[in-house]
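Structures are listed in the sections that come next.
Both complexes below contain chain A, partnered by chain B and then by chain C.
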Partner chain A sequence: MRLETRVRPSRRQVLGGAVAAGAMLAAPAVVRAQAKALKVAVLLPRSGLLAAAGQACHRGAVVSPKVLADFGYAVELINVDFESNVDVARTQTERAIAEGANCVVGAFESGATLAIAQVCEQRQVPLVINIGSVPQLTEQGYKYLVRNFQTNPQLVSGGLRLVKDLMAATSVPFKNAVFVHANDTFGTAQRAAMDRLFPAAQMPFPLLESIAYDPKAQDLAVEVTKIRALAPELVLVTTRSSDAIKLVRDMVRQRFEPKAIVSPGSPGLYDEEFYQALGPLADFHLYNLPWANPKAQMTQALAAAFKTAHPTNRFEVDCFNAGFTFEGIMVAADAFKRAGSTDGKALMEAVKATNIAEHVMTGGPIQFDEKGQNNNIQAAVVQNRNRTPTVVLPPEIAVSAPVLPMPSWQGRS
Partner chain B sequence: MLSIWLNVVVQGVLTGLLYGLMALGLSAIFGVVRLVNFAHGEFAVVAMYAAFVLFRAWGVDPLWSMLPIAAVFFVVGFALQRTLINAFVGRPDYQQFILLVGVAIVLVNGLLIVFGPDAQPANLPYAFDSYLVGPLIIDKVRVYAAVAALAVCAALFGFFRFTRTGTAIRACADNLVGAAVVGLDVRRLYAVTFGIGLACVGAAGALMVTIADPVPGLGPAYTLLAFTIVIIGGLGSMAGALVAGLLIGVSEAVAGFLIAPSMKSMFSFALLIAVLVLRPQGLLGKKPA
Partner chain C sequence: MISLWRDMNRRGQVVLVVAVLAMLLAPVVATRYLLSVLTLILYFVYVGQAWNLMMGYAGQLSLGHALYVGLGGYVAAGLWVHFGIGPWLGVIPAVAIAAAFGAFIGWLAFRFGIEGVYFSLLTIAFAEFTRIGFDHIGPLGGAGGLFIPYQESRLGEWWNLRGGQLFFYYLAFVLAGAAVLLTAWLARSRLGHQWMAIREDETAARALGIDVFRAKMKAVLISSAMTAVGGVFYAFYYNNLFPAQVFEMSRSIELILGPIVGGLGTVFGPVIGAFVLTPLGELLIAVTDKAGLNAPGAKAIFFGLVLMIIIYLVPGGVWPWLSRRLGLVRRRS
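Now for the complex of A and B:
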């Protein structure tokens, strides 16, 4: 005799189980579509070569959910450090999306942003670029990418135009200039833009030479000797903070004193690391960049939240990185609010239709063209004064007059 | 223009002396123990941080703090060789490589935990000063560092040439079996050599703080630099390391000025390839028997 121990399921039970299993499998999609807050992965270089800027961006990201909540937006952040490494950026993006990120904001550095863009495109997850200027980001036909930042040509052409404004405002002419740039992705893109736009800009002085340097070099003594041999009155620079320190340090050591050191749209001259390393020698350098508009209500709200959350950091120093990162998150949150869904396609359509008039950084409303580029951002001339970035042009938002030529290295206390 | 060229060459010589000192420790260790210290650069960065901390906390100038740092590094090197590395002497190269890469990773991550990823400028009071000698403008920090590097090199050469321990170490390097047969304590001498190698790195690292800001990630670049110098100079030749350091310092400076600064390191490696092809034993290395 055979003993029947197995329980055979009925057809009804099988059907019921299948329905239950299907419901379980579909649940994440349903939950995703009905989520109350958008999950935003913020990818930044918080360690490694670009750590100083990445940390400044991160400080802006950290306060964003609270500030945005006051303006009626709901976001949850997944903060990710890609260690200033392109490969890590790619794998961390995959990981963040697998963990449920509906949108990605980042990544400060163009090379890493290109890697992230490829992943976002494959996974159909919107990428909002906070800072990253190489033109190909919006020229390669990515459908899931927008950039709320200027391209290298925009940075350089705006930067050169503001150099003219600076000369007019101070009545200090420059006889000649040298362009010094890092040979990384950002620096070489700036060089390409400079080569193309300088002749077109009809500047009243010649560009004697463009000098590339390795940002990982121990020091920039040879580079400065080369600059000194050309004796330019204006040194245009594209740097990061660590190499900006080396550059100024070697200029002081070699007693080379141009009339001005101007960055036509690059970081480096306004980081806390730069101020701490150089002290008074960090003053009077100029950078032509989009900056936080001190008169905007949202800027004031962000500054207040920033000061509460980061009492040891200065918003005035971090506002470029923090402001653009905040705006990137806001673009995503605003799109989510309008789309009412976290579905990649719907969310991206809403991102592309962005029109935000009230925001933090200088310029017109945040809008994106068909390539995903915001062309309404405007640069300002900012000068280091008492180790604080100070807007000196254009006059309507300036809080101080520009100082040119910069005072001698000697005698600064 | 001649003054500019002179400036470039002088900068190259001063930097090259420091490079030479950096590589000297690696050369000494390889010459005797026949082991390539792949954690060399990381030890140099640890020394940079030690000098940075001593300056920031107690105001001890790196030119002075290099002495206690070198002493501590000697003890660390001696202990490390006796406790960990000695077991790997004579083992296959890949095992030695993995061991020292492991040590390097531990050091870098330890520094990251303690100091974070950012550069830490020491801000020495004379960091921005320079000497005006006729048409030459020479950085004060480079002059100080180069003079100190020369002093350390002279002391090291004197030690190996004129002391009994130094002579015994050279005997081990020349003929290990013979040295053991005449009763030399080879294991102790290996440990002393490793200690001396690390002491050199300690001194070089402390001096590097005067011209570069310490960052945990600097280690591999220093290891590669030291390795390049040692191969160009001849593995195991301390004089070769110094000469190659000078050669690299000057060639980088001249090539950087003449062609493009961003291509400086390309010339070091071009030099390395040329030496490997034309004189595989290095400029002052001995041809294998």
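Now for the complex of A and C:
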């Protein structure tokens, strides 16, 4: 005899089960769309060739959720190191999105940023570029990409304009200038922009020559000899910190003292490495870059949080990288707040409609044009004073007056 | 192909069929992340196999193979961006130019007796020259990079290598499969045996009547041409090329690690090497991220340690050890 233990389900039970199963399957999407905090993947080159800058950006990212919470934004971060490697950038973007990232911020380096952009485009996940100056980033037709940073031409033209402002503010004229640049990706792009923009900027002095150097060279003695022979009053530079150190050391060795060394839109002169290697010789160099507005309330909040979280790092030194990374995350958080959804399409529409008046970096409100470029970012003149980057122009945000001509190398203590 | 199949015992044949089927069906179950990792693995299988022909079989150590990746990528991408010539056509001049570079390097080295480490230095030097040269070629973007426009409307155009992750996965699968089959065929051909004779003892090979110069030139030509095809894949997968990235020495090293770890001079060495190293890298990133470990280079240290352990435990490569251990190949008497 066989015991019949199987019970046949009724049609109603099957229907009920199907509804329940459907609800369970749909739940993640619904929950995702109604999430209370936006999951932002922050992809940075925290190791490898670009580690120093990537780490500075990362320090800004890790304090962002707390600072943004105080301003009414809710974000959760997925921090990813892509090791300055394009392959890793692409696969890790896929991983971050698979782990639930609703938006991506990054990636400091243009090649990696484009690799990330393709994944974001296919997955319909907004990408907010924190730092990346290659103009093509916003010229490739990506719909899920915005850039809260200046392009190379914007960096150079803004930098040159501020040289004029500097001359007016200090009443120190320059008779002539030389442009010295690294022959790497960034340096060559800056050179191209300089060649095009210097004549258009109608500068009151001629550019005698542009001199390229190999950033991997052991010293820059030959280049400095060349510069010295031209006797320029102003040396415009595009450097990274390691070669900026070599450049200044060789200038000191050869006792070449221009009235000013100005970077019209490049890093290198404000890294901790530069200050530590050169000591007092690191002072009085100028760089015209978008910078953290020291008088903005949000900058002060970010600086305070930064000091607590990273007591061994200085916000004044990291604020360029940290500030733009913070703003990238804020753009995403603000869009989420307005969209009320983590759905990629809705979120991207909100990102494109961004209008944030109160923020960290210098310039007008954060807004994006139809290509996704923020054209309202303005550069400031920053000068090294006591081995600390100090905003000296424009007057409304300056905390000190510019010193020009720079004091002699000799006798600095 | 048939001899490769015959070299395996029943167990080996079953494992191979299952592995191929698993790779073919992977997109059905794999997430997009896994698929992107698999694509990368297959890409490294392909370029690793190309390098394996030259070093593993012919015994010529090239440390500048990124040169051919870059040349292939730049030529095809440049033709597409400036003249609208699709990559299936563009791959022909790309391969021709890379092979011409390979031929020149080979001729220079083999004609004038530049061997061993000096040959390796020559390959590095050419990769560096070319990187510096491309930094200054304006129409190809110079140091500022060459960008292939991303057009959503063209996404389905597989004939122009404009596709999504799935398309590139299968393309990489076909390339990797073809490279394995070609290697298996070449390894058993007359040329393959000549290469191995040269690798073991060049003087003895010459004494046996092998035209050493010609055989080595063929190795360089085939390897450079194959690598250039990998470069075309790279360019259209990432849609951008920077000389500083694509010709970089670290790229060359990345490309040769798979065959070294997997087993030099074996058909499946580069395959196993890529399947060990790429997931290991991804795993270490995930683990260090999850552990909140933010020391720069921590992952690189772990990676290096694991690599040292693998090389210490299986100095002949993972594949020869694995195939013996699992009994995947026929024992030769």
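The definition used in the following text is that the second predicted complex is superposed on the first by the 377 of 413 C-alpha atoms of A that agree within 3 Å, B and C clash if a C-alpha of one lies under 4 Å from a C-alpha of the other, contacts with A are read in each partner's own complex, and residues count from 1 in each chain.
In the analysis below, a residue touches a chain if its C-beta (ideal position, glycine included) is under 8 Å from a C-beta of that chain, and two chains touch if they have at least 3 such contacts.
Only a predicted model underlies this, so the values are computations on that prediction, with no experimental measurement involved.
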Touched partner set for A:V80, first chain B, second chain C, both or neither: second
First (chain B), second (chain C), both or neither touched by A:T299: neither
Partner chain(s) touched by A:G279 [first = chain B, second = chain C, both, neither]: first
Partner chain in contact with A:R95 - chain B first, chain C second, else both or neither: second
Chain B versus chain C as contact partner of A:T238, first or second or both or neither: neither
Partner chain(s) touched by A:R228 [first = chain B, second = chain C, both, neither]: first
Partner chain in contact with A:S263 - chain B first, chain C second, else both or neither: neither
Touched partner set for A:D219, first chain B, second chain C, both or neither: first
Chain B versus chain C as contact partner of A:A189, first or second or both or neither: second
Shared chain A surface residues [contacts with chain B and with chain C]: 47, 51, 183
Complex interface listing, chain A residues touching chain B: 47-49, 51-52, 183, 211-214, 216-223, 225-226, 228-229, 242, 245, 249-250, 252-255, 273, 276-277, 279, 281, 409
Chain A partner contacts - residues on chain C that touch it in the complex: 31-33, 35-37, 40, 135, 142-145, 147, 149-152, 164-165, 238-240, 242-245, 281-282, 285-286, 288-289, 294, 296-300
In the complex with chain C, residue positions of chain A that touch it: 46-47, 51, 54-55, 58, 79-81, 83, 86-88, 90-92, 94-95, 97-98, 110-111, 114-115, 117-119, 121-123, 134, 136, 140-143, 152, 183-185, 187-189, 192
Residue ranges of chain B touching chain A (in the complex, touch as defined): 1, 4, 7-8, 11, 15, 112, 116-119, 121, 123, 127-130, 132, 137, 139-142, 211-213, 215, 217, 221, 252-253, 256-257, 260-262, 264-265
